[in-house]
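Structures are listed in the sections that come next.
Here come two complexes built around chain A, the first alongside chain B, the second alongside chain C.
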Partner chain A sequence: MSAVAAKPTAGSAVDMTAMIIGLIILLLVIAATYFVFGSGLAFMALIGIIIGGVLIGFGVHFVPVGGAPAAMGQAPGIATGVAMLAAGAGLAGLFGGAWAAQTTDNLYVIVITGAVGGGLMMAITCMFVTFIYVFGMGIPCASGKVLKDPITGDTQPEFKSQGTEGHGLPFVSYVGGVIGGLFGGAGGTLIYLMLLDLYKEELPGMMNALPGQVLPIAVTLAGMFAIGMFLVNAVLAAYNITGTIEGPHDPKFKRFPRAIVASAVASAVCGIVAIMIVAL
Partner chain B sequence: MESIVFGIGITALAGALATVAGAAENTESDIGSQGDPNSQVQLAPQMGYIHRIFNKAVAGEPPAYGLWIALGAGIAWAFMAMQINPILAIVLGSGLAVFVQGVYATTAYLGRTASLAKFGQPVYVDILKSMTTVTMAHAFVAIFTTVTLCHLINAALGHPFPLPLLGIVWGIALGAAGSATGNPFYGKERQYQNQKFGAGVPIAASGNIVRYAEAGERNSLDNGWFSAKLGGPASGVCFGLIVFLELWRTVLFEQVGAGWGAIIIGIIIILVFTVIDRYIEVWARKNYGPYQKPTEEASS
Partner chain C sequence: MTVKVEKIEGGIPHTTIMVAGLIASVVCIYLTYINVLTGTQLFSFFGGLGTVAALVWGSHTIKHLCSYGIGTGVPSAGMIAFGSGVIAMLFATKYGIAAPVVAVVLAAVIGLILGYVANNVLNMRIPVMIQSLVEMAIIGALVLMGYAAMMTGSFEFTSLTTGNVVILGLSLPSYQASFLGGALIATAFMLGAIAIQHPFNACLGPNWTQDRMLMLAAECGFLSMITAAVMSMPLIQMSAALVSLFVAIIGWFYTYSKYIELSQRDAAAWLDSKPIPEVEGQ
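Right, the complex of A and B next:
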């Protein structure tokens, strides 16, 4: 088939062959980890990393991102890149989660603290986006993808400026942003926590040092890997979205199953590298 | 008790530093024309509009600031490990990071503008000379304040992350908050000042950015002056609130209910901002009303 005759791809269709190959790679990595390291801490760390990565990849789809058109009031959403905004929120969550991990051992408290940190960052940022649109530019919010806001029921088309796809953040996009921040913060914190537990356990034996001495190294290593894996998953989801998305009501949101498989595979491959540096 | 008072004092100081950082970051990115609105600066010559706006989209603001602040924090951390006074170490680290930013700004302006040569866009050396230093100065303020707040979080509040890691976390968050809040104000309100107020820019008008000022041609210093009136301060308050409230809920409420206290306070804060957002949205719908097509000007 020539390039001209080829149908445009990157639609919402799911490529089953690619999904199956992805799932096979995922199962292979999980099985390899189980056979090499057993069902101990390393295996649990890998599972946690995969869940964290999926949470991040899924969460990014909620974040309303308008990119360059949003900066001119030509499209709804926040005027920045998908991966960047999600990273900003998720890392703010990771910051909170890592802090909480210092004082408590309760997994739920730590992960939820991270989630709330990400949600808080997105709530404040989204509120200021609305503030700038309304008070700085005199533009009310209007979605270009739906006739009515699914949450508030507000009608949208009559507020849309001529020649644009909409502008600002309708309430459903605001809620989507906060949910995206919650997922991102939780996922990043979970990855950090899993790696931190593993490193705290393995590093003293490996480096012949006391647990207190290796703690700063464990924290730094886990933090670096968590940030790296966060960016991997956020960028993967951004490729799946291709450009802009308004939030959970956008038709592009339905593409998330692809991102979940992709995030799981990418997290498993990155995760096994992060585990092997101490567990082998 | 004393430790809580100390913690709150540090939290307030970090929030104030973050406010200054956000304002400086947004003004820097608007003077340098970084971030999403730069797409129009790049597009304008291709549509036949030659301009004198700086053009430095090194990267999106979050990764760019992630780099510069992690660099400043990393160098400062290394100096502190050499027993140099923290203030001096932070100044030196920020100064060196700013030189990297200056190099990026110069190469980005030259490279991006030279790529527009076939559309007749000249490379103005006077623009390069007069504006690069101004973006560097603003970048220094943003980097210095953010590295300082990271140092406070690490040294005074006891966050486990080392300084460079905090630098990358808060650098990306700074860029994300600054670009989200400040970009529309620069992109729509300043670059398209010739369009109707209170409406989005029609896609058909893309590239037709305002190129003339009160006297002579508009340059990016004029844009910095404009966005420093609302886009910059709003970005500052946004980032300041993010840092302040995140630290405040942790410092005061982390010990309450075995960690659940900070979570509940965080959820309450999210709900408060949700109510404010909804109020602003409804207020705009009521007061501005639906979109009305511009009526034809009465032609005499």
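Right, the complex of A and C next:
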């Protein structure tokens, strides 16, 4: 088969059998965790990891990912791939959340700080991307997927160049980017926090050391697992939208139920391994 | 002269590269165990050679997967490889001498589930998707374990988490001066993730040649190994770190000059790449 002819056929169709098998894997992992570790901290950590993973997978659908066509002004969105955007927003969120986790124990404060970190990163990215599009490349911001911006009501087609799918960053994509950053940052921070609590509790006994001594290990392990799961969920969500999306108004956005199942399964599988490292 | 797109199917078969990469990588990581047997740390550089073998294999797997046009960009493949690999690798380090084998098996399981999710739940329907994600997860785990073995001289959880700090001539145990406690694993993660995705990203196109891409993969691997050797200096004996650095520089210089040679060979040819057969996004 020639490489060029073999395009992915990922459409918007939902494969019900595969979805059900996915949900069965998810329930099996949750049940296994419950029976092996009981309803204690480990079980709560797994639930938190799954929720965090779903938030990340869902959040990616809001982010206007333009890819290479956007860099040439032929499609709307930020001119890079999901892996880069998600890593940027997710790590900014993780830094925010990890900083908050040092100062307080309140779950909501920490998760919201992480969300603000991710959202802020996306807001700044979107703003400077728009500066470069408008003042550097000289293109107006116009969506190719909708006739009117759903938020401002501005008409789009008269600003769209012929032969393109739109260009620049319409207002709704900007808002979508910030919402995606908020979800991604919150999800990443939730995973980090859940694992950190578990490791802080279990590592001293496992390594025969004082809690203060093992804190660097707990932070690194939780951080590395959070980054790993963040990237896995972000790339799976990227596969779901086949690379590019304009934002919440894009028809591809309606594919998100698949990504939620996929993220939940992937997070559960990765999560149980991350829990077993201390609890087994 | 015209070159068909099918030309990229030529060269060494993927299965050969996969088997060779897997065996070479696992054997090299196990060779660092000579450290424990002989009581030195001089054999740590084998961990770095293991990462080079795994990265060469990984760049070909990425080529195999991305030639189907997954639409998300080549770097995303490197990211998912290490995202799933780091989880398997950290868990496997608990199993002492069996760690590399446990890492391979566990990574294969994680990769299998991720591949099923991507291929069936997300409806990607790419023939090589599941196999590629299994390979990617194994590669991610082996590369990280190779760096761990190279920087600490061992691949066991205790030695990854415990280091020594010398204060006024006294050697004190410290959790902070270690591969995990000092978060050197985060740097290893990115060193590997960038080295694995760069070769195909740089060499793709109508004049892609297998030997050139694999040479670039080896070059990227040795370049990362130089950095890893420098980072190993606070963790292992200076003599062992210098041996690693020496091996890495020699390897890098050889692969770099070979890569430039191959680039010049390929650049001299004129290729009719033909117009794009179909419009993107339809």
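FYI, the second predicted complex is superposed on the first by the 271 of 280 C-alpha atoms of A that agree within 3 Å, B and C clash if a C-alpha of one lies under 4 Å from a C-alpha of the other, contacts with A are read in each partner's own complex, and residues count from 1 in each chain.
Keep in mind that, in the parts below, a residue touches a chain if its C-beta (ideal position, glycine included) is under 8 Å from a C-beta of that chain, and two chains touch if they have at least 3 such contacts.
None of these values were measured; they are calculated from a predicted model.
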Have a look at chain B and chain C on chain A after the superposition and call it: clash or fit. clash
By the touch definition at the top of the document, which applies to A:T244: first (chain B), second (chain C), both, or neither? second
First (chain B), second (chain C), both or neither touched by A:I25: second
Quick one: is A:G223 in contact with chain B, with chain C, with both, or with neither? Answer first, second, both or neither. both
Have a look at where A:D15 lands relative to chain B and chain C in the superposition and call it first, second, both or neither. second
Quick check on the superposed pair: does A:F62 touch chain B, chain C, both, or neither? Answer first, second, both or neither. neither
For A:A209, select first, second, both or neither according to whether it touches chain B, chain C, the two together, or no partner. second
With the two structures laid over each other on chain A, which partner does A:M72 touch: chain B (first), chain C (second), both, or neither? first
After superposition on the shared chain, which partner residues are touched by A:V265: those of chain B (first), chain C (second), both, or neither? second
Name the contact category of A:F183: first (chain B only), second (chain C only), both, or neither. neither
For the combined three-chain arrangement, which segment of chain B clashes with chain C: 109-117, 127-135, 199-207 or 289-297? 109-117
Which chain A residues are contacted by chain C in one complex and by chain B in the other? 67-69, 81, 84, 87, 165, 216, 219-220, 223-224, 227
Can you list the residues on chain A that touch chain C in the complex? 2-11, 13-15, 17-19, 21-22, 25, 67-69, 75, 81-84, 87, 165, 207, 209, 213-214, 216-217, 219-221, 223-225, 227-232, 234-236, 238-240, 242-244, 258-259, 261-262, 265-266, 269-270, 273-274, 276-277
Under the definition above, what is the set of chain A residues touching chain B in their complex? 67-74, 78-81, 84-85, 87-89, 91-92, 94-96, 98-104, 106, 109-110, 112-113, 116-117, 119-121, 123-142, 152, 154, 158-171, 174-175, 178, 216, 219-220, 223-224, 227
What residues of chain B sit close enough to touch chain A in their complex? 35-37, 39-40, 60-63, 158-162, 165-166, 168-170, 172-173, 175-177, 179-189, 191-192, 197-206, 230-231, 234-235, 237-238, 241-242, 245-246, 249-250, 254-255, 258-260, 262-263, 266-267, 269-270, 273-274, 276-278, 280-281, 283-285, 288, 290-291, 293
Chain C residues touching chain A in their complex are 4-6, 8, 67-73, 75-80, 82-88, 90-91, 94, 106, 110, 113-114, 116-118, 120-126, 161, 175-176, 178, 180-183, 185-186, 189, 277-278, 280-281
